[in-house]
Structure formats: structure tokens, C-alpha cells
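Two complexes, one shared chain (chain A), two partners (chain B, chain C).
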Partner chain A sequence: MIVAARAILRKDLLIELRTKESVPAMTLFTLTVYVLFHFGLDRDSLDGELASGVLWVTLLLAAVIGVSRLFAAEREQGGIEGLLLAPVDRTALFVAKAASLFVMLVMVELVALPAFGLLLLGPGLGGALPELVAILALANLGVAAVGALVAALAAETRARELIVPLLLLPLLVPLLIACAQASEPFLRQDQGPEDLGRWLGLLTLYDVVFVLLSVAVFDYLLED
Partner chain B sequence: MYSKGLKPLAVATVASLAAAMALVFFYAPLDADQGFVQKIFYVHVPLAIVALGGFVAGGVMAVRHLRSGDPSWDVRSYVAIHLSIILGVGVLATGSIWAKASWGHWWLWDEPVLVSFLVVFLLYCVYYPLRFSIEDPERQARYSSVFAITAGAFVPLNFAAVRLAQEFTHPRVLDQTGGSLPGEMRLTFLVSLLAMALLFVTLWKLELTAKHAAMQLKKLRRRLDARVAA
Partner chain C sequence: MAAIELDGLERRYGERVALAGVSVRVKEGQTLAVLGGNGAGKTTLLRVLAGLLRPHGGRARVLGAELPDERWKLPGSIGYLGHEPLLYRELSGRENLAYHARLHGVAPARVDALLDAVGMAQRAGDPVRELSRGMVQRLAVARAVLHEPALLLLDEPRANLDPAAAERLEPLIGRASGRTRVLVSHDVEGTMAESDVILRLKRGRPAAEDEELYR
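Up next, the complex of A and B:
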């Protein structure tokens, strides 16, 4: 299973590397959304709750793009039949797709987070980087699990472009709550009291529930 | 096959609904600080509990469908979710009215149950576009079941998350509405809840019967056409 998953992941990353479709688009999108928020809120710099909310909403919206492109190569080039005919476990496919989404999110955040610090954030990112990285890692895991599931659910529908954001965003609400609340104290001018443990706990619970759930139901998707 | 016991069930529903209404208006005492407005509680809360129960039940039926491959479980799950969404509209409307009457606002973001319910409702609304944009019936049933299971598991998780987020600023907000009801109010509430649950089951059975009959009719028509053609 691990061999198959690694092979699919390698294929996905190679395609992404050659075509440069999703990651640059997602990154560009985050920058555009920062500009939109700057004008929409009419603020030159943000801190605290507002900064946390803008950052997380932007990242999750960028994730929507990645999720809706997750099965794009298989669909457009007809590779899905090849994958389904191959004698590999569906779980391997899920793991590979979630992992490739995870990698894409990390690549986007490598640009999006410093850009946020540069463009919008008042206090500066330096002081709380380890905590933010921990929150981002847990968040990416959750988004990757839910995203792979939603992408597979929407893959066979007619109205794919509609289904993905409508399905993904409500499912991400608990994750958004945990991430925004967890990172809020670290984005403040005067770093106030934090409640990191509780929110990281909620994030971990979310990740565990959705990873297990996705593994359990993924076998029933992309059958035939 | 679905219509078994529908008649006594319908009678029980009417009786318990009537009893619930009688209790609400003639037996339950007026609330000390909310007055008459508080009576919407006996509609709103049972509606919400039954709708959430229906969502979760839809998920459980979906599990049975995936386990057994029997498409009738998918229809059961679909009808349960469909009815719960309709009840959900009622929950949001009555909740909004209640909020306006007792707090002066149509919507309050610091009421965790209301907010969680909105998120769950928005998620379940996607059930229709998802289900009806898949043409192949077997695949439609399978994908709908996967959705129903995912969303069913999401319901408690979402409630926990929203509650946690509110607790930060508003501790123990639920205790005021649910925790300690005086005896007469509790009895009225329980009868209302029972009536609403019975109403749900009756409507569920009725809808299943109607769907089943329509399907049988289609089958018979097709056979008749085939015979005429031959």
C-alpha cells in the first residue's frame, strides 16, 4: 500500500512540477485576497483577531482551489481508469491524494505566510513562528484529509466546480474556529494570554476524526 | 411495505400533537422573565432535536446501505435527510423569531446552538446538488451515502467546536435554556418532543410509501408498454 501511495504521490508531484498549475495559482490567489482585504477593510496593517481571521480565511479559500484541481489530471487525461484498474487499495489512493494536497498547501504557505507578515500583519511574525508552524501543520493535515474526501465525492458529479466549495467550506468551519482562535494571541501587538493547548486539542480531534472517516468511506468512492 | 402501521402511527401523532399544544397553552406556566414568547421554546427545541436526530439517523441508514448494498436503505437515508432539512428551515425561522422577541435581534452569533445549526444546515443543503448531479442510480446512492456518513459524523464535531469557541467568552450559556426546567415545563417539553418525533416518523413513512408506490407504478407502466409493443 505504501509503495502504491508513494508512486501515486510521486506522479502527482511530478505533474505539478512540470505543469505548474495548482500551486502558483493558489499562491497568486492568496496574494490577491490580501490585496482585496486591504481595500475591503481599508486597513494598512492588521493584528490580533482580525489578522488571524484574514490569514485563515485566505488560506482556506486557496485550499478550495487546490481541492477542486486534485483529480483534474486524472479526469481530463482519462488517467482515472488506469488508477482504478491498477490492483491497489483505494486507501493508497486516498493517502497519496491527501499527501499531495498537504505538500501543495505547505508550498503555498511558504510564500503566503511571509507575504502576510510583509503586507498586512502589524506585529511581525518572528516571535511566534514555532507555534504558528505547529498550528499550520495540524491544519494542513485536516484540510488534506477533508479535501481528498471532498474531491473524490465531487469527482463524479456534473457540477463539480459548485460542489467542491459548497461542501468543503462548511466542513472546514470547526477547523477554522480552532486555527483562528489558536493563532490569534501570536498575531497580537502585545502577545496576550494564550489557550493553545485547547485549540490544538480540538485540531487534533478534527484531524483524527476526518482521517479515520475518510479512510473508512473512501473505498466506496471511485469504484466501478 | 413501508405503509405497515402507518395509520395507528398517524393517529398517535395527531393525538400527541394535540396534547402537546393543549399542554403548551393551558398547562405550562408562563416564563418569569420572557412571558408568553417563551412558548415558542416548545416548538423550536423539539424541532431542532428531531432535525439533528434525523440527520444522524440518515447517516446510520447510509452506513447500512454501504454495508448491505441494499438501495432501499439509501432511499430511507435520503428521505430522513430531506425531512430534516425541511424541519431545519423551521428551526432557523423559529429560532430567529425567538431571538428577536427575547433578545431584540433576529440573529445572535454568540448563541452556539443556533450558529452550529446554521453550519450543519448549510452543509446538508449541498446534499441535493450532490445527489442530483450524479446520473447513474447505483453511483448516486453510493455517493449520497458517503456524504450522509461524513456529514452525520460532522454534526457532533461541529457542535463541540462552536461551543468551545463561545465558551471562551460566554460560559455555560446552554444551562439557561436546557439545564433546569421546572416540572410542568419539563413535562410539556417532553410531550412536545415526543409529538415532533412521531410527526417525523409518520412523514418519513408516508414519503417512503409514496416513493415506493411511484416506483412500482413506473415498473408496471414499463411492463405494460413492453406488452403493448409486443
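Up next, the complex of A and C:
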């Protein structure tokens, strides 16, 4: 399973590196939304709950783009058939697709987070970076698991551009709540942890539930 | 032993019947020719045999696996060459074959041997999107036989190939390969000449021997 998962992941990243489709689009979307908030809210800087909400809603909406494109090469170039004809455990496909989305989210965040700090954030990110990175890592894992599941569900449907956000965003609500609540204290002027452990625990629980759920149902998603 | 046994096979797309009452028996090492006009159900039949589509009625047994319940037994045993080459356009021929080799657990050395066998060693590093249709077809053949499948499902395997290329691929997908084959082609005479069993289809149903298939 590991060999197949690595082969699929390597192939996905190579195609993304050459086509430059998903990551640049997600990054550009994120930056554009931050600029829109900057002018739309007519404020030089944000902090606390508002900053946390803007940060996470934007990142999760950007993830929709990545999820919509996650099976694009398989769908458009017969990759799914190639995988179904090979003696590959479907769990390997799930792991590879989730890992691929995880890597893409990290690449977007490497640009989006500093941009958020520059364009919108009052207090600055420096002091709270380790905690924010931990929250981002758990969030990315959850988005990757749910995203791979939703992408596979939508892969063979005609209205996949509609189905992905309609399925994905409601499933991400618990993750959004936990991320926004966990990040909020670190985005205030008087930075300090408040119930961080509780929210990280909720994020971990979310990740575990959706990884297990995805592994359990992934076998049936690509069936005729 | 029979490699393929179909008895009253049925397959529908919604209300539309794509295959009905299809029965045939193909022994190991034999070639089945599937003849019929456009929309006769030839590609659907290949996809059912590959385990990519579920049969909706009748009985289908492929390489000892009852379909659809034992479809899980098929992956790795079938070489499928359909309308699409199943190659990623942004990857090179070598990268595509190496990817499929990893999925099938095939040694990397076979990739180079096959690139040579299909005459694509020189252009193996070029992205598939930059290759001609004939070159893509050669790579698709290499991809289909990469894992030494027991059963070859070939839909117009010589499409886009010049005579020299077609001859070059014969040891891989022709009768000389020694594999059980299902061959779909509009070249009626050529296909019949290299087959042991013939299945004539018209609008998804078996056609009588004297029935005109292409009207």
C-alpha cells in the first residue's frame, strides 16, 4: 500500500508542479480575498475574533478549489480506470490524495499566512507562530481527509463543481469553529492561550473521525 | 479451461439497454473478435470484462472470477487498451510507464525494455501531450502489457499506427503474444482472420450470421 500511495502522491505533485493549476489558483484566491476584506471592512487592521474568522473562512474557501481539482487528472485522463485496473488498495488512493491536498494547503499557507499578517493583522504573528502552526497542521489534516473523501464522491458526477462546495463546507463547520476559537487568543493584542488544549483536542478528534470514516467508505466511492 | 464465460449477459445505462442476451465462451489462449457497428455495445462489453462496469443480468465469469461479486480478483490480471490511452499528458512516456509499473509491482527494468519494444525509447522523455497519436498509442500498448496480463482487452489496438508500428507491436498484442485476447475492431476481415471465436453484436444483442451489422 505504501509503495502505491507514494507513486500516486509523487505523480500528483509532479503534475501540479508542471501544470501549476491548483496551488497558484488557491494562493491567488486567498490573497484576493484578504485584499477584499482589507477594503471591504475599511479597517487598517483586524484582531481577535474577526481576524480569526477572516483567516479561517478564507483558507477553507481556498481549499474548495484544491478539492475540486484533486481528481481532475484522473477524471480527464483516465487515471481512475488505470487505478481500478491495478492491484492497488483503495486506501492507498485515499492516503495519496489526502497527502497531496495536505501538501498543497501547506504551500498556500506559506504565502497566505504572512500576507494575512501584512495586509490585515494588527498584532503581528511572530509571538504565536508555534501555536498557529500546530493549529494549521491539525486543520490541514482534517481538510485533507474530508477533502479527499468529497473529491472522490464528486469525481464521477457531472455537477462536481457544485457538489464539492455543497458537501465540503458543511462538513468543515466543526473544524472551522475549532480553528477559529483556537486561533483567536493568538490574534489579539494581549496574546495568550485560552482553552487551546480543548480546541486542539476537538481538532484531533475531528481528524481521527474523518480519517477513519474516509478509509471505511473509500472502497465504495469509485465503484460503478 | 475457459478464460471468459458469458451467459445471457446484460448491462443497462439507466433505461437504455447496452447489452442483452450476450453469451460466449473463450478458452485460455484464444482470441475473441467482437464485431458490430457504432453503438453495438462493443466497448461496454470490454468494460464489463475488465471489471470497470457491473453486469446487470446474466452470468459473467472472467479468469475464474464471477462478476460482479469477485471483481476484486481481476485487477492486475487484465491489460486494457480502450479509447483513452490512460496516460497522463503532463508526464513523459517513461514517467507514465514507471508510475504504472509501481502500481503493478513491476520491476523498473521492464519499462525500458518495453519502451524499446514499442520503438519509443528515443522520445521516452517527452511529455505525452507533445507526442503524435500513433506514438501515444504505442505507449498505451506498452502500458497495457506492462504487467504481463493473462487477458488482453483491445479496442481498436492498431488505431493511428502506421504499418511498421503495427507490425512492431504484434509480439506484444498480436496472436503471437500467446495471451487470451478480446479484440474489437472495424477491420472485419483482419479481425476475423486472427480470431478463434466471433461475437457479432447489433444494438447490444447477438446478431445472426447473415444479419448486416453496419446498417
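FYI, the second predicted complex is superposed on the first by the 221 of 224 C-alpha atoms of A that agree within 3 Å, B and C clash if a C-alpha of one lies under 4 Å from a C-alpha of the other, contacts with A are read in each partner's own complex, and residues count from 1 in each chain.
The working rule: a contact is a pair of C-beta atoms (placed from the backbone, for glycine too) under 8 Å apart; a residue touches a chain by one contact, two chains touch by 3 or more.
Every value quoted in this text rests on a predicted model; they were computed, and no experiment measured them.
Enquirer: Specify the outcome, clash or fit, for chain B and chain C once both structures are aligned onto chain A.
Expert: In the superposition, chain B and chain C stay clear of each other.
Enquirer: Identify the partner contact of A:167: answer first if only chain B is touched, second if only chain C is, both if each is, neither if none is.
Expert: First partner only, chain B.
Enquirer: Quick one: classify A:20 as touching chain B (first), chain C (second), both or neither.
Expert: A:20 contacts neither chain B nor chain C.
Enquirer: Pick one for A:198: touches chain B only (first), chain C only (second), both, or neither.
Expert: Touch status of A:198: first partner only.
Enquirer: Using C-alpha centres in the superposed arrangement, which angle lies between chain B and chain C as seen from chain A, in steps of 10 degrees?
Expert: 90
Enquirer: Just to be sure I read the superposition right, which of the two partners does A:79 touch: chain B = first, chain C = second, or both, or neither?
Expert: Once the two structures are laid over each other on A, A:79 reaches chain C alone.
Enquirer: Which partner does A:11 contact after superposing on A: first (chain B), second (chain C), both, neither?
Expert: In the superposed model, A:11 contacts chain C only, not chain B.
Enquirer: When the two complexes are placed on top of each other via chain A, what is the minimal CA separation of chain B and chain C in Å?
Expert: 6
Enquirer: For chain A, give the residues common to its interface with chain B and its interface with chain C.
Expert: 223-224
Enquirer: Touching chain C in the complex: which residues of chain A?
Expert: Residues in contact with chain C: 3-4, 6-8, 10-11, 14-15, 18-19, 73, 77-79, 81-88, 223-224.
Enquirer: Which of the residues in chain B end up touching chain A in this complex?
Expert: Those residues of chain B that touch chain A are 66, 119-120, 122-123, 125-126, 129-130, 133-135, 139, 142-143, 145-147, 149-150, 153-154, 157-158, 160-162, 164-165, 168.
Enquirer: Quick one: in the complex, what on chain C touches chain A?
Expert: Residues of chain C touching chain A: 50-54, 75-76, 78, 80, 82, 84-91, 95, 99-100, 102-105, 127, 143, 147.
Enquirer: Which part of chain A faces chain B closely enough to touch in the complex?
Expert: Contacts found on chain A: 149, 153-154, 156-159, 162-163, 166-167, 170-171, 173-174, 177-178, 181, 195, 198, 202, 205-206, 209, 213, 217, 220-221, 223-224.
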